[in-house]
């Protein structure tokens, strides 16, 4: 998942990047870092932890001064909580120093890495981002721009890169535009590029446009913003950004995330009508869909599950199953809302099924008469290789169970998913989406 | 504000108390601490910070073993972020060692402190809790029970005390029952006492009953729970617990907090009808009232303001007014929901007015056609001295402005408050409430 | 053990106190704290840890501004590593706020505490310092000065107190002058009082004189320094300050600590002559005596044991006895100096004997032909109750072994101690010393 | 400077390496790290800070299990306090994963780096160690052994490398043997390799022999230790290891560091006779030479300067010049030893001269009649490029001042240095030493 932020041409570049990272903290909480460029020299500060602790006071910005900066929030993945895997990655190469951040996933990373290694390259991290640095460094082109083009053209996958070198900043997006990537103008000078538009709102920057699929935008002091097309675009944005990953106040390709979710809930209500007393969301990501479901179905919306926002990483209940304990620390069912009622529960997706099962137990224990589980997306049957951290196929509950089997496993009275068409209609425009988690269509 | 938790007769007493404190973290985030009693010996661990960091791992419980424990979450008040003002307070006195925690406020604390000081007592903190310890220690009674009774009878105010000494635990609530205080039975033995029932849910404890106003409940190994009436009860619970302070999944005196808030929203809608396109809450505490308002008025409910839950204490935006920056970090307005609309904004209360003003600016900037501000409680005109941390009178916007003046200050098209009767009706049963912040009726 | 520092009449009072605490860190490493007084208002900052971490940057002094300040280094004692037992202790009482620090030990603390408790006092720490606060607070006198006199006269023991209240600072020393306590003039205004004169050197303060045994010195803005005699003095300074506790560059009662130790070594050489190849100290405290021994005996001085100064508290060797591991981490024997030699080892004292035994093993392993252990003080047979943290009698190796038995236990060829007369001669002037650890003469 | 430690064939490999790092902490305090290999898989933990804090508890070893491990202490150099510059460096390459640590300095690092970069390599740190990794990775040889040989042969400088890969550990030392590098046998199985022999003493390992200049020792499970000669040896060990860098209890090439220093002091006394009352060392490194000087000259040895070992990095005196403040915090002159005396001060070297000047001021202020400064090494006129962190030429006081000018600058009555011959004689055997700091003979 992750988020990337870049600022070009503002003396507060690092501060502004830290604000953008703060606004997009939901995309990654494991580690964060910023590289700043001052007259071609680049310095990097990166650390495990949240933005609000890693960039907490003025002193934290002392070493990262300059008018160009890029930053990264890292999503926690299994076994990867090492400082070695934090971004940006800064490296010296033939054209000086560069630093790079990446949101996405290069699907051919293992092959490319193998090839690079066979040519004598070394890899100091597990990050595919390191591949791109090597490709840029090994290119025989004289100009950075041409090196980047050559490097990017030799990798496959979903990506949004920000690269800084020699007083320029490069923003590159894959031809499918799988991950969101937008550009804004800062009020006091310069540009911001961000994984989500919510970053712009926090710093009062004015959204200009998206980095186009297949486009490289180069920021330099002479030309400002210059566009180069690397690929003909074949726009297929990730449906999961709309379903649960992006912040509700972000706008991707002109469509509000919040509205998409409202519409998913409405469509779900049209598709799977039921008689019930109350609609409750699994907070926080299920809330908009539940509102939509309620609007369409007329079944009253209530907060039937409360979320405790003080949950830390490591606080463990005594004498309990750890996962159940964590869910219970985070969520609690409202007896007054649920007791004796026929309840429609709305969640955005079911992945492993374990958390959903615990939530259903909570709701049952709170006295629900009936539990109808509605999911505002189709069943997840395939892992995502385009930048969403889904488990392997075998851990997906729908990889070997059908809906009826999952219904029994969850112990609910009914279980229904938004249809693929319903999903596409809800997001809105008649485009192709990246839907590989639902249909296995790995188009890259 | 604050919360107190006690566990009696369970070998995991400290662990269970830490869970209760975790569940009631919303009542105080400045400092937390636990005293545990093991065969009359008491040890205390307390520290500035959240429960999830102060009691993070097994080692943190090493020194607080025993089958009786009490704990406290401290609310941050101006200038009081010192470890000296963290609870529990443990003290040696004539009957051995005691430890005490307190939720509430002793209104005669300065006089009592002055008197005690004139008698030679010393005070090592600013906490009124220290008063009670002195009164107990100075009592000439031989039995702890009688000492506590004498001490409690000589103070005035809103209080819920938990005291441990000599293998017993004492729970005492003032005669008005201003702060909530409930008792549950633990499944694997022993009792839990807590400021809010949500603590019971997290540890699967079964609610038995409330500590009655004016009651002292004594827990000991011989008799289990024993009740003593210190005062005839004159029940006047704090309306603010219902309005915004308690967790929505808690139940006070049999009434669900969540339902009370839904009902406040409904009543508000009845009282102040308006034509508008959308109802939006100020999250998180305004959400239930906004749902209620929507239900009653038929105006659609939407999440028009998004809350970022990663906000830390000290993360500061560059180049901005600090308070506005903090509000912007925490909240952002949804242009898609608001633009061109006539918006009803629901908040639970207006105290200083500064945050509300910034929120209105956000909503205006997002393009609202009209902004109608509705508050699910009456205007706060007087400071609370019964345990809610309100500012002094001069800082309350309604201390010297009338509604029309505040409306202009906030720059809204209309401003309406729930009436006092509406508030009372919404909470529900026909009782007296503590309403001094609204009407200045300081009944103690 | 501990150290206390006070500064009166200098706007950098807290900073200067922190420097004094830093210079006397050898007297206590467990916790440190400072109270500063600004126009009668007192604020305290105290924490577990070294001075250099607790008062590390400017921000740490923000809350402790004022022109009067007192501070304390706490020595780590068994089970007492709680923030509750850190000093200064600040308290509100009839005459406002006072804060107090204490170096020494009140031998009647349990009786006084018991009496105070029976009169209704509460004790929030294990520190005897709290006794004095209560006694001052309970006094019926109107003036602080008289209250302090009454309080001090009602306790027994070894003590150096610094008390601040009402823009005055009080320095009080017991009539035996057991612990050192000196006064200096600061170059840029005001006074410093300190447990050891090495504190003055660090801040360039000019030593004036000692606080006399039985004297109270009052510092106030009108009179500067004013002296009151509480007791006729019967000077009996603690011999252990000279033997190992004070810093070698400090001067107590006009006698250099370093010179005293040199002289102890010389006297030891006169008393216990032996033929040997080399004299080696147990570092660091044994070094001066070993130099003295070498001078007198003519046997060459060498560093036969090296000390590693990076030893932290908790770093544990794998697979080893913990104490032996700690000694090995700290000390290592020099094979080249020791091998095949007849070695005289000089240490300042033997308390439990366990460390000495491990040191002897090291020396034997390094190939010593003969090991002659010489101790620059008499055998420690009795616990100290006057402020040195010695173990209980049963843990003193000399409580039930004679010298020959200890010699066998240590596995050395000879073992000799400085005689009592030799000790007295070495310190110098013909005074009475506090020698209770050697002869059981508990004169208080 | 730095130190490297390796353990092969012991299940406690990481623990033992941490002990070795602890024993050699004096060689580097900025950062520390360990890589452990378990069945060819390598994991690394590295962090800024002392060994005793980075490897403080069992949990810190969780990720670095295995029976082979290497570790590194990093010396703090200007501007280099970044985690990016901590070692070991772990990298994936064609033959799997390797990790490497390095003590020394590759003098041709910039050229090699430039060449590697021109061939497409990227550099993520400022460390020359990264050069070697690239050279190994780029080698066309099939076997690791041959790759290492090729790589090492293509670099110049002073080096001791430890490399792990594929269940083998490689120890390589440059042909001059500039830095020390020794091998020991562990009592419970396996080998330890260390920068200094003091590491062996702490873990009770038995010294076997040094890694020979120009030798590569390969440790594997089949053959144990296998030796390969990469270069004909031309032994020229660094004189500075003997003068001040190594720990006094270490032995380099059979010669005790302590004894070398004693002998330097003796030779200095022979060369520069003077009449004086007392010889005092600048602690800690000047102590052995001062003892030697005293022995030879008959002038009494005294501790005239006391060192405070609690000095932290950042504790700053108020209102003082920072460097002077730091020296004063660390050192204090003993008036009783110095006053009215003609004093010989012994230090191991004078580099910038600033600290020496402050020390002389201290001694003068303590009342010395005469100050004779004697240095147990020749004047430092040239920077060291072989692994000792000396300042640039312009910052060396002797780069443009002669002895008489430095004498005046320091304000001493006489200033004398050990002659080059005297130094060579004192270290002992008639070998060539690396003396480039004194004579500019950059032989590599």
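Side notes on the structure shown:
Letters A, B, C and D mark the chains as written, and numbering starts fresh at 1 in each.
Going forward, contacts are C-beta pairs under 8 Å (C-beta built on N, C-alpha and C of every residue); 3 or more make two chains touch, one makes a residue touch a chain.
Since this is a predicted model, take the numbers as computed values, not measurements.
When chain centres are set by their Cα atoms, the one at the greatest distance from chain C is A. Centroids built from CA atoms put chain D at 36 Å from chain C. We define each chain's centre as the mean of its Cα atoms; on that basis chain A and chain C are separated by 60 Å.
Spacing of chain A relative to chain D, judged by their CA centroids, is 48 angstrom. Counting partners per residue, chain A has no residue that reaches two or more other chains.
Contacting chain pairs in the structure are A-B, A-D, B-C, C-D.
Residues 12, 15-16, 19, 22-23, 25-26, 29, 50-53, 55-57, 188, 198, 201-203, 247-249, 251, 256, 258-259, 262, 284, 287-288, 291, 295, 300-303, 306, 308-312, 314-315, 317-319, 328-329, 332-337 of chain D are the ones that touch chain C when the two sit in their complex. Interface of chain B with chain C (complex): residues 44, 83-84, 89-94, 113, 117-118, 120-124, 133-134, 137-139.
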